[in-house]
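Report on one structure; see the data block that follows.
Labels A, B, C and D are assigned to the chains in the order they are written; within every chain, residues are numbered from 1.
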Amino acid sequence: MNMKNIKSLLAISCFALASVVMHGNVMAQQANDPKFNKMMKDGFKADGIAGLDRIQQDETQKFCSDPVFANSKQGTKMREKIQKMNMDSIKQPSDGKYIGDWKKGEAIAQSGRGATWTDKADTVIGGGCYNCHQIDPKEISYGNIGPSLTGYGKMRGYSQEVVTYTWNRINNSKAYNACSNMPRFAHFKLLNEQQIQDVMALLLDPASPVNK
Amino acid sequence: MQRKFTLGLASGMAAALLMVSSSVSAQNSATDDIAKYREMIADGNPSELYEAAGEELWKKPAGPKNATLEKCDLGLGPGVVKGAAAQLPRYFKDTNKVQDLESRLMTCMQKLQGRDPQEMIDAPFQKGPKKDMEAIVAYVVTLSKGDKIKVSTAHPKEKEMYELGKRAFFFQGGPMDFSCASCHGEDGKRIRLQDLPNITTQKGAALGWGYWPAYRVSSGQFWTMQQRLNDCYRQQRFPFPIYASDLTIAVSMYMAKNANGGTVETPGLKR
Amino acid sequence: MSDPMRVRAAENGGIVDVKILMKHDMESGQRKDAAGKTIPAWHITTINVKANGKDVLNGQFGPAVSKDPFLNFKYKGAKGDKIVVSWVDSKGDKRTDEATAS
Amino acid sequence: MNQQRRSLLKYSAVFGLMASAGLISVAQAQEWNKAAFEGKSLDDVFKILGAGSPDKSSAVTLNAPDIAENGAVVPVGIVTTLKAEQMAILVEKNPSALAAQFYIPAGTEPFVTTRIKMGQTSNVYALVKADGKWSMAVKEVKVTLGGCGG
């Protein structure tokens, strides 16, 4: 990084800091719009487990709802801040175990159920992994919003570094990419620790069909 | 096919070039087979059954005023149904609001027939007054089939609605951080085997907006655009969008305006 | 009370192509309601198609025929043939609709 | 088209009334073949139809997709060069194998298309009875999971 860049970065962050102080907002992120807020408030009603708290955005969601800013140079600092915040929230497995049962992991990856207003509070939430990823090559019905995970462990190896990265990514993908399309499975308690271990096994157990 | 191949490469790992390209060709044959399947069911769209029922309801006196909907103004003047769906949503002077097809039909039911719009809003989809609404929508949209989508944002309220809709389209929330854009903001994406139109582009918006309302094979039901949006929000894990709320009309306005120049293919036949 | 069918019949080279859409839930007997109770089967059982009073097709449906059934077949006939389609379902409900071959 | 539909509606109302008043008996020619539709396995149905173990025949064509995007609607057609008197559609892995059966009078083409439900990926059978003998065609149809699955 050359001097000029550092200078402009400094200038930007100073300005951002100043505007935070002045307006309670970050520079160039879309302004608060009372008309929009009212439309959202009047537009939804709570139904079953889907309460109105679901449209109360956290910092990550607010930032990512403005893709123009989020992907801009000016958004860099905020992006890094959000990634750090999400990274810091990740917990390593309490029992030290990263790899569970790949067969259970496959079932979790297949299911896209749970957490809608037609579900009950005790409906088991699926990982919905196949919605966006290719995983077991035998499953032809897979989406492509995320990258293919076929051959995941075979290609990357099974080192602790790969294991930890994968654990973190499933727990909270926003730790690496602030506006990743992937849900924060641990943060919102979509999957519990054991379920994440099982999905880990689907990707990283050498016996899993993913690595055959 | 070329595009999918490139995408497959981009998202795959360079180390697995061979593997990725072979699985992409398997995928292509799967999507080709799905295309064949769709072609096989395209003939005989059960929407026709709803359309016939809707025409009857349009012409049948109903409600406290025992009147028909034949004088309903959908934007092209009282009683003009042909081509009306192609120019909605739009601003209406009498209500001083931007309305989509369903909210406008509620206005007509209220003014002409004396029916209470709240009953329509509160009714579950596919039941009671909504069942009538669905049939009437099938009838109205069929009479725009083949027309060009031509939605205006000339009126300030229309322009405002479009901008609000755009913002709502990118609004993330819920326990999965989804917005409409999570699935409909990029080209060439799929959930499972379903292609996801990129609604931020004209081509993608026309593929989405132009084919709904539709008969939905998986549920065996005719779905209006309001129900289509409702289920999108359900899958987004959002709370329940209120029927014909400004939110739903704004998102519709965003899609419809983006789709301008595309063709109305409704009623469609969907998975 | 059953809803009307859509019947289309088009003659081409002495062959009439008949396409029928029936409005029926065709409940399979496999589904459960919200309370977990099995929804009993309810489906069209027999369908009869006549052209100018003469049988041109008899069909029998089980619960595995799709909701809002579609049926397409062809017979030797002419423009102007009067086509009468009738179905009966497992509760004894009936429906008859008519079309003219064009 | 509208005109045609209106007359269609008018006619159907009249016919519906006649039918419900018992003035015409609807589909009187056929009794529903309860036993065949309640047969569980392919063999059950073959036995009830008196089909024995039908031979595969290239004269019978089963039109069905390789993959169905949704098991609720699978288009299936049978066409044959044989002089078909009866046709039947069977799904091996459905709870009851027989989906639909057709009686083809003289003058009707040996061609029929309909749509069926399939609970899972399965072989689909097209059976044709001609000159008193049953023949068949078989095809596997894959039923995929579509959509978000929620």
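Basically, a residue touches a chain if its C-beta (ideal position, glycine included) is under 8 Å from a C-beta of that chain, and two chains touch if they have at least 3 such contacts.
Just so it is clear, the structure is predicted and the values come from calculations on it, not from any experiment.
When the interfaces C-D and B-D are ranked by how many C-beta pairs touch across them, C-D comes first. The chain closest to the protein's centre is B, with centres computed as averages of CA atoms.
The distance from the centre of chain C to the centre of chain D, with each centre set as the mean of the Cα atoms, comes to 11 Å. Mean C-alpha position of chain A lies 50 Å from that of chain C. Rounded to whole angstrom units, the spacing between the C-alpha centres of chain B and chain D is 33. The multi-chain contact residues of chain C, meaning those touching 2 or more other chains, are 4-5, 66-67, 70, 72.
Looking at chain D, residues 9, 67, 72-73, 115, 144-150 sit in touch with two or more other chains. Those residues of chain B in touch with two or more other chains are numbered 30, 52, 191-194, 220, 234-235. Contacts from chain D toward chain C in the complex involve residues 4, 8-9, 11-12, 15-16, 18-20, 24, 26-33, 37, 72-74, 77, 91, 94-96, 98-105, 107-109, 111-119.
Contacts from chain B toward chain C in the complex involve residues 43-44, 46, 48-49, 52-53, 215, 220.
Chain C makes touch with chain B in their complex at residues 3-6, 19, 21, 23, 25, 66-68, 70, 72. Interface residues of chain B, counted against chain D in their complex, comprise 30, 33-34, 36-38, 40-41, 52, 55-56, 191-194, 217-220, 234-235, 271. Interface of chain A with chain B (complex): residues 30, 33, 35-36, 39-40, 42-47, 50-52, 54-57, 60-62, 64-67, 115-118, 130-132, 134, 137, 140-148, 150-151, 155, 174, 181, 183-184, 188-190.
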